[in-house]
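Both complexes below contain chain A, partnered by chain B and then by chain C.
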Partner chain A sequence: FNKTLKLLMLNQWLTVRCVLIPRLKSPGVKRRFRIYSSALLVLQWLTNKDYKGGERFLVKMAAPLTLLVILSVTIRAVLYRSSLAEVISERVEVVSPLTAWKRVVEGLALLDLGVSPYSGDVFHETPLIIYLFHFVVDYAEITFMLADVITAVALYMAVMDYNKQVFRKQKYALEADRYPLDCLELIRSPKEMYYIPLKVAMFYLLNPFTILSCVAKSTCGLNNAVIALFILTTIKGNVLLSAIFLSLATYQSIYPLTLCAPALLYLMQRQFIPVNFRRVSFWWFIAQYAFMYLGSLFVIVGLSFFLLGSWDYVPSVYGFILSVPDLTPNIGLFWYFFAEMFEHFRLFFLCVFQINVFFYTIPLSIKLKEHPVFLIFMQLAVISIFKSYPTVGDIALYMAFLPVWSHLHRFLRNIFLVSCVLLACSALFPVLWHLWIYAGSANSNFYYAITLLFNVAQILLVSDYFYAFLRREHHLSYGLYLKRKDGSEATLVLK
Partner chain B sequence: FDTSAPETVDPSSVPQPKDDFQEELVIRPLHSGDIYASFQFRTVWETDFMRGNKVSHYRLFPKSLGQVISKFSVRELHISFTQGYWRTMQWGQPFQPSPPGAELWVWFQDSAECKVYAAGCVDGTWKELTNVLSGIFCASLNFIDSTNTVQPSASFKPLGIGNETDHRFLRYATLPREIVCTENLTPWKKLLPCGSKAGLAVLLKSEKLFHSSFHSQAVHIRPVCQDWQCKTTSWELRQTLNVVFDLHNSAQGKREWSLFKMFSRTLTEACPLASSSKIYIDITDNPQGEQFEVSPATPLLSQAVVLGDRRTFSVYDLTQQITFGTVRSLNLLIRWKSSEGDMLRPLLHAERYVAGYGLQTGEIHTLMYNNHPYRSFPVLLLDSVPWYLRLYIHTLTVTSKGKDNKPSYIHYQPSKDRLRPHLLEMLVQLPPNSVTEVTVQFERALLKWTEYTPDPNHGFYVGSSVISSLVPSIVAMDTNSTRERPLFSSFFPCKEESSYFVRVYTEPLLVNLPTPDFSMPYNVICLTCTVVAVGYGSLYNLLTRSFQIEEPSPGLAKRIANIIRKMRGVPPL
Partner chain C sequence: MGLLSDPNRRRALISLLTRLNSPICVVCYMAGVAWFMGLAFEPFTLRTYMSENAMGSTMVEERFPAGERALTTGREFSAHKKKAGGMPVDWLVKTMQARGLEVFTQRFSRKLPFPDENKERYMVKGTNVYGILRAPRAPRTEALVLSAPCTPGDSNNQAVGLLLGLAQYFRNQIYWAKDIIFLVNEHDLIGMQAWLEGYHHTNTTGMDWSPLQGRGGSIQAALSLELSSDVITSMDLVLEGLNGQLPNLDLANLFYAFCQKIGVLCTIQGKLQRNDWDSVSGYSHSVQTMMLMVMKQASGRPWGDHGLFLRYHIEAASIKGINSFRQYKTDVTTIGRLLEGMYRKLNNLLERLHQSYFFYLMPSLSHFVSIGYYMPAFGLLAVILLLRALDLWVQLATPPPRTEDGITDKEQVSSPGVLSVLTPLVISHLTGVALYTLPIQFQEMAVEQFPVSETEAVVLTAIGVYTAGLALPHNTHRLLSGEGTEQGWRVLKLVAVLYLAVLLGCTALINFSLGFILALTLVPVAAFVTPHVPKVLSAFILVILSPACTLLFSVFFFQELQELPVSFQEGWLLYLSVISQGILDHFLYGSLVYPLIALLVYPCWLLFWNILFWK
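So, the complex of A and B:
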C-alpha cells in the first residue's frame, strides 16, 4: 500500500509540476498550483520513511555498482594486457615526475643497489609508497585497480550520505516554508537524486582520464583513493578518521592541506557547532581536529623517518613539489613558465604561483561556509588546475563530482563551449606532442598553447559551476522569477 | 749549468742529480698508412712539495706547476687535451689513452686541514685548482664544476706511489666539447726545460700538429720511487704529446714520409738539459725490411715490452753527434714498399652509441669487445652522464653472447638536478672472443632556457665511457718499476707479469634535448600570467560580488540633468 501511495503521489506531483504549471497563464493560479504541488511533495516525503534506512537503499544499488566495478576492472585489465599500456605509461599528460611508475621501479632498484632512492633526483615518492610497493610490486596492477575501485566506492557512499543530508535539509526548509513559492522548480526530487551516487562512481571509474592514469600505474590513483576516503569519513562525520586521512593526503602531496577548511566546516555543521570566532566550542573543536591531524601527521612522518633512517625524503618530495626543479612538460602551467623565466624573478614567481594554490581557501570557505561539500569540490578543482605537477588523474577526481551538481545545469552559462574545448584539447595533446618531440615539425609553443587552453577551459568550468551554485542559492532565498521595480522581467547581474 | 755533454755513465756509480730530464719520440707506422708519433718529456725531481715545505728554487721543473702542487696539496694530477678520436681498431692501443676533449683527474693529499671536512674542503680546492689550470693551459677548464665532476670508486687508481685510495680525495672530470688548438699547445711547450728552442720540441709546430687526424697533449704529475727500496720519493712530471698524421691523404697517395714532411723541421741537436734524448721507430712488423725502408739506418736496436707485446725499435740517440751525420741534421725517412700485412687486433676495444628516436627517451648502448681467443678478463666500465639525461638504472642490461651477464660490482650514484652527474661504475667479466653490450635507458630533460649552450640544436655532449682493464699479456711484463726503460713503456705501473693495464675510451655522445622557444620568454610570462589572472579574476568576481537585479541605467540627458540638479541643490529627477 505504502509503495503504491508513494508512486501515485509522485506521479501526481510530476503531472502538476511538469505538465500543468508551465501551461498556466495566470500567475495567481500558477502560484496556487505550486503550493499544491509542494504539499504533495511533503506528503510524499512523509511516506518515504524507508529512504532514511540506508540498508534497503544500499542493497538496491549494490547490483549496478558491482556491474560498474566489474566493467571498469575488465577495461583496465584488457588495457594492461595490450600494447597500449607501454605507450600510455610514457605519456606526459598521464604521469608526472612525481607519480610515474617508472620512477617507483627506479626507486625500488636503487633500494636494491643499496643506494638511498632520495640521493638522486629521479624518485620523488614518499617513503610509505616505496615500502608499500616493496611488498606489492608484483601485484601493482591489482593495487592500482583496487585504488580506483576504493575511490569510486568511497565517493559513491560519500555522495549517497551527502544526498540524504541535502534532502533532509531541503525538507526542513520546505516545512519551515523558507523557500519562496516560485522556487519549487529548484527543489530536488528524490527521483533525480537517486542515481547520482552511481553516476559519481561511473564518472570516476569510466572516465578516460582515470582509466589512462590507472593503466599508466600513476600513483596519482593512490592519492585520489586517500582523498576519497578522507571525503567519505568526513561526510560520515568521523572526526578521527577524517583527520588521519587528511594527514595521509597531505603527506602524499602537500596540497590537500587546504581541504582541512571544508572538513572543519562540515564536521562543525554536523555537530551543530556554530562557526563563530567568539565561541569557545568553535575553538575547542578546531584544537581537537588540529591535534588529531598534527598527531597523525607526526606519526606518519616519524614512521617514514624510521623506515629510511634519514630526512632525505623531505627535500626530495616536498622540496621537489614546491620548488619545481623538473620542467618536464605536463598539462599544468608551471613547466613552460619556469623554463622561460628570467632567473632573478624565478623565486618571486614561484612564490606567487604556489601561494595561488592555497590562496583561495579562506575566501572560498567564507563564501561557502554553509556548503562544505561544494567547497571540497572547488578546492579539488583549484588544486588540480594550479598544482605544480598536475596529471589527468587529478582532473578525474574533481570531475567525478560533476553529477552531484547536476541540478545546477540550468544555470550553467558556457558548459557546451567548455566541454568542447576540453575534448578538443585532450585530443590535441598527443598530436602536438608528437609534432614537437617526434616529428620535429612543431616546437614547444604548440604544446604550451594547448596546455594554456586546457587550463582556461578548466577554470571556466569551475567558475561556471561556482556561479551556478551561487545563483541557485540566491534564487532559493529571493525567488526564481525576479521582477524589476516596474514589474517587468529582471535579469540578475553580479555587482 | 752546462749539461750539454751527454752523461752516458752508469747512473748507480755517480751520485744521482737531484733533477733529471729525459725526452723521447716514438714513431710507429700504422697499418692504415698513417703515422703515429708520440713525444714524451719526463722531468724527475727529488723534492718535497708537501707539508708546508717552501720550495723556491726551481731548475728543470716548471715553477707554475710546482706551486700548484704545493698550494693545492695535489698528490697526482693528470690532464689531457685531445682533438679527434683514437681509432683503436685501426691504430691499436695508444701509449697514453685520452678521451676527446679535455680530461682532468686529480688525487688530493690527505692534508691536515682537509681531514675533518674532507668532501667540502676537497671540493673547494678542486674548484680553485681547475680555475688555476684553466689559466695555465689557456683552456676552458673553469667550466668544470660539480655538474661534471665525479669521484670514481675504482676506475682511477693512483699511478704513482701512495696507498691512499679513499676516493673522497679523487676528482675526475671531462669536457668533451673542448676544442684543442694552438693556444693550448704554446703554454704546454713553455713547461719544457728547453721550451721549443732545442731538442725534440722543435718539431712541435702547431701548423702541422693540428693538421692531423688525432692530436693529444697531456701532463701527468705523480710521485714516484727513486730506487728499488723506495726510500726516497721524487716528483715526476711527464709531458706527452701524441699525434697521428694522415699522410696517406695529405701526400697525394705517395706512401713516404719524413720528419720534415710531418713537422716541417728536422732535428739538429738534443735538448742540452736532457740526460737522454732518443727517437724510437717501431720496426716490429718489418724485421727484414720488406714493408718499409728507414733511412738513415741505425745499428742500434732495442726491445721493449709494451702493452702486452714485445716490440723491436730502431733507436736514434740524439745525444750522440754521430746520429746527425755529416749534414748535422737528422731527417728520418720511411719509404713504404708494400701495404700488406695485418695488424694484431687489439684485445680490448669498445664503442658506444645512442639508440631510439624522438626527444623524449633514448638508450645508451656500450659495446665492449674481447678479442682474446680463449681468455676472459674483467673490465671496469665507468660512465659519467650529465644530469639532464636521467638514467633509469633498473633498465640496465648487460648481455654477452646472448646471455645475461650480471656485473659482479656496481657502484651507482644517481644524479642531482643541476648539482651532480650520474656515476655508473661496474665490473663486468668479458667472456673470450665476445661482444658484451651494456644498455641503459634515459629520459631527456627540458632545461631552463638559460641553461642551454649556444646552438642548442647541435646537441649536448656526453663524455666518453672509460673502460679500465688488466688484459692478459702474451709476453711476460716487466714489473721492475725502477729499471731503466723507454719512457713509453713505463707509464702504467705493472704489478704482475701475466697481465698489463689498458684504458680504453669510447666515443663521446652527442644527444639532442627538447628545446623551448628561446625567442619568447616575455610572451610566455605574459600568457601564463594571463591564464592565472583569468582564474583569479573569475573567482574574485564571484567571491566579492553579489547578485542584484539589473536596473536600466537612466539616459545620458537624464544623468546630465541630475548632475546639474545636484549642483543646484534640487532633488534629482
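So, the complex of A and C:
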C-alpha cells in the first residue's frame, strides 16, 4: 500500500502541478500533461483495486489500531478495578435515568423474580438490553469495553471508506477542471488524509468522556455501537443492514430516527439516483428503504413484546423519553426548565422541546443534500445537545468525527474560545455539584449556568463546523480569494 | 454574537489584544490587586443584616441566672479532670444525668500517620460524653448542638461548667422545639470527628469509634464554646472551617446582634471593630482583619471545633472568651444569657439557615464582602491567563511563510508531536504523586537512617521531593524529536496556562482565599515565562513565587498580621510545623489543601519551570 500511496501522492501533485499551474502559462503544455496524468490515474486506479495491496494495507494499519485498542482496554480495565469506578457511576453527567447501570441491575433483579422489570418506575431501558444482560451480566465489563471497541473500529472503517470516496471525487473534479485556480491550498492530499481513520478511532477510544461513560457502565455505549454500525453499513452501501441498524438505534432511543435523512441521501448518491421528487426511481428507493426499516422495526418491537409478554415497555421507555418525568439534573437543557415550569404549560413546552430535536433535519438536509456524511455528523451533534437525557457518552460519539473535518480548520472561527469553554465547563461540573449537593453553599442555578454554557459552547462548535464546511464548498466553486464588485477583498459573513 | 461572526471586527479585536497583550496583563494584575485591597474599605462593603425571617426581630428574653453556680461546676470538673488524668467520664455522666439529660458516651481511638509534635499525640484514645435534652414541644426531628472541648491542663474548665449550667437551666424551660445536644469532646477535633461520623453513620477517615447509643434529630446548627477564665473582656467569633468552608452569614449576624443587645464586646479574628474607617489606621485595621480571614481560610484547616460540622451541612461556629487587660469585664452569667438568646433564636428556625450568604469575607463583624464583590478581583487575575493563552494561540495559528511556488512548506513547521507535550505533563504529575505519597511511606526508613524524629522525617522528605522535582530531566522532547522548537514550548505553555486557569478557577470557587493567593503568585509566573528570558534571574523569581515559598511568606505574613512577629529561625520552625500540620489535616480530617498543592498545583508550576529551561 505504501507504493499505492506514493503513487497517489505523485499523481496528486502531478495533477496539481501539471493541470493547474501551467494553465496560467501555456495551454499546449497543459494538454500534454493532462494526458499524462490521466494515464497515471488509470494506473493508480488499478493499483487501488489490487487485492494484494489491500492486504498489505490491512497489515500496516491494523498494528496501530490494535495498539490503540489494547491501550484503551487497559485504561478501562484499570479504572474498573480502582475505587473511582463507583464514584464515576454515580455522576449525573455520565449516567442518566435511562442509561444507569444501577437501574439495569434493578431491572434484572425484578426480571429474575418474575415481575415485569418496568414495574416500580426504576428501569427504563429497552427489553432487548435487559435480555442481553440477562445472559452476559457476569461479563458486563467486557461487554461495555467490547461495545466501545466495536464503535471505534466501525467508525474507523467507515471513515476510511468515506475518505477514499472523497478523494476519488476530488480527483474527478480536478480532472474536469471544476475547481478554480486559486484553490490549490484547499485540495486535500492523501498524506494528511492517511491518519484520519486512526485519529477518529483514537478520538473515540481515548476521549475522557467515552472512558467515563464506559467505566460507569452506561448503556449509552451500546447505543453508540449500534449507531456506529449503522454509519458503517450506510457508508459501505449496504441498504438492508443500514435499515436494520437504523431501526435498532431508533428502537433504543427514538432520536436516531432523524438519521434516516442522511442515510437515504447517501445511499441514493451512491446508487446514482437523483434526489428529485418527480422521479419514480426516487420514490421507489424511499419506499424500499422505508419497507426494510419499518419491517425490521416491527420485528424488533414484536420480539420485545413476545419476550416480555406485555406492552409495559412502551410507556416506560418511549413515554419516559418523550414526556421527561425524571428531572434529575444532567448536562441537558430539560431538567431545570421543566422543574421551574407551571404544570399547565408543561405539555406545550414539552412539544416545543421535542420538536426542536427533529426540526433541524429538514433545513439541514436541504442545505447538505450533497454531503450526507457531514449531515450525519450534524444530526448526531443536534441529537446529543437537545435530547431529553443527554450524557457525556453521546457527546463523545459526535466528537469522534472531528478529525474527519480537520481540513476545515483554517475556516473555523471560534475553536479556541469554544474548546476553552468546553474544557472549563467539564472541570466545573463536579465542582459546582459538590458546592450544591455536599457543601450546600451553592444552589441549582450555579449548576444550571454551567450546563447552559456547556450547551452553548457545543452549539457554537457545531455551527462553526457547519459554517466552515459551507465556506470551503463556496470557495471550491468561486475561488479562494474573493473580490467585491469594486475589486476590494471580500469577506464571507454568515447571517 | 456579531463579535463572533463578523470577521473584520474579530480581527480588529484580536489584533488589539495581541498587540497590547503585555500592558493589558499588567493593568489587569494591578487592577485585581487594587480591587482586592479596596474590598476592606468600608464604603465599598455591605452592612450585615439578618436575612432569616424566623430570627429577625429580637423578641426573646434572656433570663439565665446561674453564672456563679456554673463556675463552681467548672471548678469541680477541673478537680475531677486532674484526678482522672483526662476526661472524668463517670463524673460527667453522673452530673449530666443529675441535670435530667439522656446521657451517652462514645469511645474512639485513632493512630496518627505520624506523631503530632504540636499537640504531642500519636496513639489517641478518648471518650466523648454527650447528653440530649429532648424537645418537649415538637416531634424530635431536629436538633441543636452545644459543645465544649475537654482539653488537658487547666484551660476550658469554665466552658464545661457553663455548658452544664446551661443544660440545667434549659431543662426547666418548656419552649424547646428542637433537641439540644450537650457535647463534651475529648482530643478536640479528633473527638469531634469521631462523634460526627458516629452520628451520621459515615466513616470517611478510617477511624475506630464505638457506635452512638442515642441520637437526636437532624442537626440544624452547632456552637462550640471555649472559655478559660471566670471573667472575660470580649467574645471572639471563629468561622473558618474545613477546606475554607464558612457557615451561613446569618449565624455571624445572630452572634453580633446578641452581643450588641446584651452589651458584650465582640471581635472577629481577635480584632475589635473601629469606627474611623476614613482614617489610614482604621483602613489598615480592617485590611488586617480581612487578611487574617483570608489567610485562615486559605489554610483549609478547621480553626475551631466547629470546623467539621460544616462538612455535614450543619451551620456552626466557635465562640471564644478572651480575657485581656481591659477594664471592662463581662461575667459568666452574661455569657450564659448570650448563649441562651442565641439558642432560643435558633430554636425558632423553621428550616435550615440558607437565606444569607455562604461566600463572604469579613473586614469587621458588622460588614461583609459578598462573592459578587470579591470574585472580580480573582477574575481580573484569571483573565491574564486567558489573554496569554489567546496570544499564544494567535502566534501558533499565524500561517507559516510561503515559498516561491506558492506551496506552504509544512515540513518545516510541522506541529510538535503530542509526545513532546505529553512527556513533561506526565513527568511533572508523577513528581506530584511522589510528593504526595513518599513522605508518609518513607518516614520509618528515614528515621532509621538519619537522626531525626518521625515528624521531621515527613516534613524534610516532603521538602526534599519538592526540591528534587526541580532537577528532573526537563528536555525530554530533545530525546524524542531531536530539537526543541519554538512551536514546541508554545504548545506546552498554552496547555500549562489553560490548565492553570481551570485549576485556579475551580479552587477559587471552593475556597476563594486559596485560589486568590495562588493566583497572586502563579499568574505572573505563567504570564512571563518563556525560554528567552534571562535564565538565572527568572529561575530565582520562579522559585520565589513557587507554592512552597508562597507558604513560607504566608507564615511570616500571618505572624505579622497577628502582631506576633517572629525571627527567621522561629519562622522556619513554624514553617516546618505548618507543613506537618497540613499533611496531618489531610489524613485526619480530609482537608484538601495538601493533595491539591501536591497533585495539581505543584505539577502545574513544574510545567512553567520546564518551559524556562526549554532548549
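Criterion: the second predicted complex is superposed on the first by the 437 of 495 C-alpha atoms of A that agree within 3 Å, B and C clash if a C-alpha of one lies under 4 Å from a C-alpha of the other, contacts with A are read in each partner's own complex, and residues count from 1 in each chain.
Methods note: a contact is a pair of C-beta atoms (placed from the backbone, for glycine too) under 8 Å apart; a residue touches a chain by one contact, two chains touch by 3 or more.
Remember, predicted model here, so these are calculated numbers, not experimental data.
J.: Should the pairing of chain B and chain C on chain A count as a clash or a fit in the superposition?
T.: fit
J.: If we overlay the two complexes on their shared chain A, which of chain B and chain C does A:F416 touch? Say first, second, both or neither.
T.: second
J.: Quick check for you: in the superposed arrangement, does A:L460 touch first (chain B), second (chain C), both or neither?
T.: The answer is both, since A:L460 touches chain B and chain C.
J.: Between chain B (first) and chain C (second), which, if any, makes contact with A:L327: first, second, both or neither?
T.: It touches chain B, and chain C stays clear.
J.: I'd like to know which partner A:Y266 touches here: chain B for first, chain C for second, both or neither.
T.: A:Y266 sits against neither chain B nor chain C.
J.: Is A:Y179 in contact with chain B, with chain C, with both, or with neither (first, second, both, neither)?
T.: A:Y179 contacts neither chain B nor chain C.
J.: Contact-wise, after the overlay, does A:N356 reach chain B, chain C, both or neither (first, second, both, neither)?
T.: In the superposed model, A:N356 contacts chain B only, not chain C.
J.: Looking at chain A, does chain C or chain B touch more of its residues?
T.: Between chain B and chain C, B touches the greater number of residues in chain A.
J.: Go through the superposed model and pick first if A:S441 touches only chain B, second if only chain C, both, or neither.
T.: So A:S441 only meets chain C here.
J.: Using the superposition on chain A described above, determine whether A:Y251 touches chain B (first), chain C (second), both, or neither.
T.: neither
J.: Would you check which partner chain A:L364 touches, where first means chain B only, second means chain C only, and both and neither mean what they say?
T.: first
J.: Can you work out, in whole Å, how close the C-alpha atoms of chain B and chain C get once everything is superposed?
T.: 5
J.: Which chain A residues are contacted by chain C in one complex and by chain B in the other?
T.: Common to the two interfaces on chain A: residues 438, 460, 491-495.
J.: Which of the residues in chain B come into contact with chain A in the complex?
T.: 357-361, 387, 390-394, 410, 412-418, 422, 443, 445-450, 514-517, 520-521, 524-525, 527-528, 531-532, 534-536, 538-539, 541-543, 545-552
J.: Which stretch or stretches of chain A touch chain B in the complex?
T.: Contact set of chain A toward chain B: 90, 92, 102, 105-106, 108-110, 113, 115, 119-122, 325-329, 333, 335-343, 349, 353, 356, 360, 363-364, 367, 382, 385-386, 436-438, 443-445, 448, 452, 455-456, 459-460, 463, 466-467, 470-471, 474, 478, 482-485, 490-495.
J.: Looking at the complex, which residues from chain C come into contact with chain A?
T.: The contact residues of chain C facing chain A are 4-8, 10, 245-246, 310-311, 313, 352, 354, 358-359, 386, 389-390, 393, 405-408, 498, 501-502, 505-506, 509-510.
J.: Along chain A, where are the residues that touch chain C in the complex?
T.: By the definition above, chain A touches chain C via 21, 184-185, 413-414, 416-417, 420, 423-424, 427-428, 431-432, 434-435, 438-442, 460, 491-495.
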